[in-house]
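What follows is a pair of complexes built around subunit A, which joins subunit B in one and subunit C in the other.
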Partner chain A sequence: MPGELPPAGATWPERRRRALADPVMRAAVAKSTRNLAAKKEAAFAAYPAGEAMRKRAVAARRSSLGHTDALLEELTRNVEARGGHVSRAAGPADVGRYVLDVARRRGVRRVVKSKSMATEEIALNEQLEAAGLHVRETDLGEYIIQLAGERPAHILVPASHKTRQQVRALFDEEAGRRAVNPPTGDTTPELTAFARRQLREDFLAADMGISGGNFLVAETGTLVLITNEGNGRMATSLPRVHIAVVGIDKIVATWMDLADLLQQPALSGTGQRLSTYTTFITGPRREGELDGPEEFHLLLLDNGRHELLGTEFEDVLSCIRCGACLNVCPVFRTIGGQAYGSMYSGPIGVVLTPLLGGLDRAPELPKSACALCYACGDACPMEIELPRHILALRRTEIERSMEPWTVRLTFELWGRFWANPAGFRLTGRMARLGQRAYLRDGRLKGAPGLVGGWTATRDAPPLARESFHEWWWRRRTSRADT
Partner chain B sequence: MVRAQLFVTCMLDLFRPRAGVAAVQVLERRGVEVEFPGGQSCCGQFAYNAGHHRRAAAMARQLVRAFEDGATNGSPAERPPVIALSGSCAAMIKHEMPELLERDALQRRRTPATATRWRRRAEALADRVVELSEWLDRDDTPSPAGIETTCSAAGGSAPLKVASHTGCHMRRLLGVTEPPLRVLRRAGAEPIELMDAEQCCGFGGSFGLLEPDISAAMSDAKLVNLATARGDGATCLVSSDLGCLMQLGGRLSRRGDEFPMLYLAEVVDLADRDRLTPADIERAARSQEAMPDAR
Partner chain C sequence: MTRHANAEPLRGASGRDALVDEFVDNWRGLDGDAWLARGGRGEVRRTIGEAVRTMVGDAGPETRHRVLAWATADLASLELPGLLAEQGCEYVPWPSGSSGGGGTPDHPQATGASNGGADGADAEAAVTTAAGLLTLAAASDLGITTCSWAVAETGTIALYATPSTGRLPSLLPTAHLALVRPSQIVKSVPDGLRLLADHMAQHGGPPSAVNLVSGPSRSADIEGDLAVGVHGPRRAGVIIGEW
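Right, the complex of A and B next:
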């Protein structure tokens, strides 16, 4: 079944305009992506065993994708054997219904969440808030964008487009709402101190914790969470009920596979050897244990994933959400994450958004948010062929005639003329005549049709008086004469 | 005498033929018998990257035929190398064309045998294609006849600084990053790589036409780094891809600024003629004539 993603909000031209008109955001994004990309390079350079481990991790991911159904069954048996509940969710509505059922049964009013792209994908917060629940994001970046009423602008560092000054303004407002002391300044320690104080209250008051999951280990039924702030551990152990919403693509067979995978999000995402907190959760609190929730629910989210298995796009399911492709992407650096109109931005977003939500939801992404520079393909630690997938999505759009007829006609005529040497030379001569209308000061300042896109922001040199073909021909004849 | 066929690319043919002329002269000085198969037009990359694979395949087939026709002397195994004057177009031939032609033949309901044949023909061309800087960088490339070393010809003065930009497809699909730098050094120039060198110039084929504002913003970021290189004494920007040069030069020109942008062969040609000076670079960059100054 195809999946369903929240709508993009504004139109593409509007999102693009807003992004390009925000120099503060663009500078912040350029700085943070350059920084993260350099840290990834340095991390691998300082870790000779890292490359072989990464290769094994790729093999582990690919192999688990070949046995997804069997592994999910094994996982389910093992989670249930340890007292957890497992349910399959086809899409957003299934998750919302399930979580609200549990919330009603257990009298839940306040929910804390640890960072999860899967719940962003199904707009879970909106669903729960509409039912009257209070939801608090507890990852610092997610907390910031929740206060700002935005979507994550980066898969890994959701608020990296915000400056400290902007964060302080958001915290000041929040302090007003909560009638507490605002941050004492806009240094990082002062801002995090404020967030920590507020979030502690939320953790202690919460009835339910919702998390995502970085990996699922089939052989023991274990949910793996990696975070840098410890909020994932609090959200999954303090409240009475823990619900994990995890994409079916996160499954791995064994702990041996996990051993190779565990460091990969940190190495490629932030350049750390390992994230600060690694949490393994196998079922709810057992008799005699002091910590942990009374109930543990694992919701296995499909939302368009299963359909990709066995297709040319299967490898996108091995994405570990490290954001390495975003950090090297020149388009992402230029427009930031929110212009993509999807929680998945950057190159992986260009591919995943139409694959999960349908090409009609984001037809602009493959053609307008990619310069085909291939940097993402090189950066991806899971060796996902992002450029090839973007090419395939562009081709699909053409095959489905999603292009305006004028553009189609341009390519049709142009292709026909240029597939023939005489036609090629003829169009050159015609263009040389036609260009006179657009020449100013020896530069082309305008052009008709598709090429007008070039001259909208760039000049072009005029076509040469004599093409190379013509020069070669003239030289050959003049030599033959002498 | 070494034979080689020249693939000049459509863009160079139409917009900067003098760069192709410079390449011919550079190669002939090194004892290469240059051939130019007249059936060539475009590798089809622009249409291919825009998703129009049917049209791209038609152009690609013509390119394959052109370099088969032009190489009638000798068996297929003895066909001469094809020197491509663009890293990006060379990458298109080497990385995309075989698969494209096979798939397209099947989609046009040709027999599997015909489709396989198209793949083989494209692979045979791909095997022959060498990007110019890579060819010039080969150890067995002879020194230019009558020119000892251009470095000494510069008379012991400090080498001329040139900013260097390597296109994304050349860098990542061909993996050719060092040869242009070595070729420039051997020509007596001192290449300066820009900061964030691996970032795209903003052209990106159909992307650059569909998204003029994003594309220009990407160029502007690159031009900030070029300004630094200019401040450090760079006399021009050199690249092995005319597309990047037209993008950056066009953007600069739109902003009312001019800076010499030269295709790699043009710099080597100037050095060969012992004219690698700021004034000659300026003149070469401004000239609209097909023919560079006489030898």
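Right, the complex of A and C next:
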């Protein structure tokens, strides 16, 4: 079954234009990405053990993917043995139905969420709000984004495109709506204090907590949740019902596999050795325990993932959502995350969005949102072959005949000419003759037919009067003469 | 029981000392507070007093700071009620398990919780429901816990949830203080997970919740600027010593 992602909203040219016309956002994204990329490098440099663990973690992830189905069954048995409930969800509608069903049965009105890409992917908030539930995002960045009515701009730092002045304005509005005191200023401690106060209230009043999950350990039925702020702990400890929505790709076989993986999101994401809070949840609260949820539900989300198993794209499922590929991507650094029109942005988004949601959902991403610089391939701690996947998707997209026949003909002819030296030299001579009509002040300021697109927004240096090859032969001949 | 045997490696240079130093350095690097109490039980008690003063400050005569502590036999041996009273704090034990042996005592359901907290007279009335427990923990200024193990190279402590060692005391109070024995500090996260595996082998599986905590709650969501204490404790302290 193919997956289903929320629509992109605006068209690609419109999203691109909007991003390029927003210098504040672009400066913020440029700064945060470079900062995070530098921190990642420094963290690994100072911590050789981290690199050794990373290599073993890659192997562990790949091997888990090799027997996903068996591991999911083992996980399910173990969660149920601990009094938890497990259900498989094919896509957005399954999750929505399940959560609303639990909410009705348990009289839930207020929901708190900790940051989760899986629930972004299925637009769970919209589904729950449409049914009348009050949903609060509690990660500070997600909270800011929710107040702004926007989509996350970065997997890891969703509000990295917002300035503190913009955040304060959003908090002022929220204070008005809730009739509470606004933040006392726009320093980080003041803004943080406001968010803490408001989100505390939401946590204490919540009936249900919804989280994602970073990993699942099959051998004990354990959910692993990693956060820096502690909202993951709050959402899974305070409300009486906890529902975790986790992609089936998050499964690992054993705790020893997990041991090598556990530090990788932090090392590659923020350059920490371990995130501030790592929580292992195995079932609901036990007999005699006074805190923790009374009910624990685990929703295993497919949404197009299972179809990728056993294909050339399988390694994409070992992504740990660290954001390292975003931080080094020249396209992401230029246009930010929102222009991708997907909760998955940057190189991983270019690959994952069409793979999960179908190529029709985002044909422009592999086609246009990549400069083929291969930086993402080097940055990925899980060694996912992002550049190769982007090229493969680009090829598929072209072969679907989305391009006009003129383009195909041009490339076919070009390919034929350049397949042998004589053809290559012939095109050079033809171009040197042809360029005369377009030379202005020693620069090429136009070109015939399709090539004209290249010179529409830039000029180019002209071809030299003589090719290297011709120069070489001329020198050899004249030397032989003397 | 192992108290005296473990006190020894604190003196003189040893592998244990190096682990303690590395743990303290990394914990402080994460903006956590750390105290070394090398003189045994008496010094651990004195240091708790100092930590409480540093982390929650002076409340003044009108308002007493509320300190919520795990009610394990291990912590009970430090006689926290008297110690905290000297600091002008109100001592509230985690309601379940205060009469238990410290491990995983068999206690009745949440409705019977107030029985367990009988020695925390001030708080007893409030803690009869799960909601009351939340309110109590959220209104506490400091949570005191021990830990199951700690990791030197990441500056991390591990907290297991059991009836007597709840999740809230390390989460909802404004500050969290954990007591760590030098012998509990291991080098790496995988070393720590091996200790968890031992626990699983003995208890037939993992606790309902295990929390690895590395310093105070942090976020960089506003302009990449470090913000401490968005959700969890604003201050996180450790005391390393034997008692």
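Methods note: the second predicted complex is superposed on the first by the 458 of 482 C-alpha atoms of A that agree within 3 Å, B and C clash if a C-alpha of one lies under 4 Å from a C-alpha of the other, contacts with A are read in each partner's own complex, and residues count from 1 in each chain.
Just so it is clear, a residue touches a chain if its C-beta (ideal position, glycine included) is under 8 Å from a C-beta of that chain, and two chains touch if they have at least 3 such contacts.
Being a predicted model, the structure only gives us computed values, none of them experimental.
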Task: When subunit B and subunit C are modelled together on subunit A, clash or fit - done: fit
Open item on the list: Just to be sure I read the superposition right, which of the two partners does A:435 touch: subunit B = first, subunit C = second, or both, or neither?
Closed with: neither
- [ ] Please state, to the nearest 10 degrees, the angle that the Cα centres of subunit B and subunit C subtend at the Cα centre of subunit A after superposition.
- [x] 120
- [ ] Go through the superposed model and pick first if A:464 touches only subunit B, second if only subunit C, both, or neither.
- [x] first
Open item on the list: According to the stated criteria, A:378 is in contact with first (subunit B), second (subunit C), both, or neither; which is it?
Closed with: first
Open item on the list: For A:395 in the superposed arrangement: first (subunit B), second (subunit C), both or neither?
Closed with: first
- [ ] In the overlay, answer first, second, both or neither for which of subunit B and subunit C A:157 touches.
- [x] second
TODO: Check the residue A:63 against both partner chains and state whether it touches subunit B (first), subunit C (second), both, or neither.
DONE: neither
Open item on the list: Once chain A of both complexes is superposed, is A:200 in touch with subunit B (first), subunit C (second), both, or neither?
Closed with: second
Open item on the list: Can you report the least C-alpha distance between subunit B and subunit C in the superposed arrangement, rounded to whole Å?
Closed with: 20
TODO: Overlap the subunit B and subunit C contact sets on subunit A and report the shared residues.
DONE: none
TODO: In the complex, go through subunit C and note every residue touching subunit A.
DONE: 26, 30, 94-97, 104-110, 113, 130, 133-135, 138, 151, 153-156, 161-163, 166-168, 171, 188-190, 193, 196-197, 200, 205-233
Task: Touching residues on subunit A, where the partner in the complex is subunit C - done: 28, 31-32, 35, 47, 49, 53, 82, 138-141, 144, 157-160, 162-164, 167, 188-189, 191-192, 195-196, 199-200, 203-204, 220, 222, 228-231, 233-234, 236-238, 240, 255-256, 258-260, 262-263, 270, 272-292
- [ ] Please name which positions on subunit A make contact with subunit B in the complex.
- [x] 16, 20, 30, 34, 328, 330-331, 333-335, 367-368, 370-375, 377-378, 391, 394-398, 403, 411-412, 414-416, 418-421, 423-424, 428, 431, 442-443, 450-451, 453-454, 456-473
TODO: Quick one: which bits of subunit B touch subunit A in the complex? Just the residue numbers, please.
DONE: 8, 10, 12-18, 20-21, 36, 38-42, 44, 47-56, 58-59, 61-62, 66, 168-169, 172-173, 196, 198-200, 202-219, 221, 246-247, 249-251, 253-254, 288-291
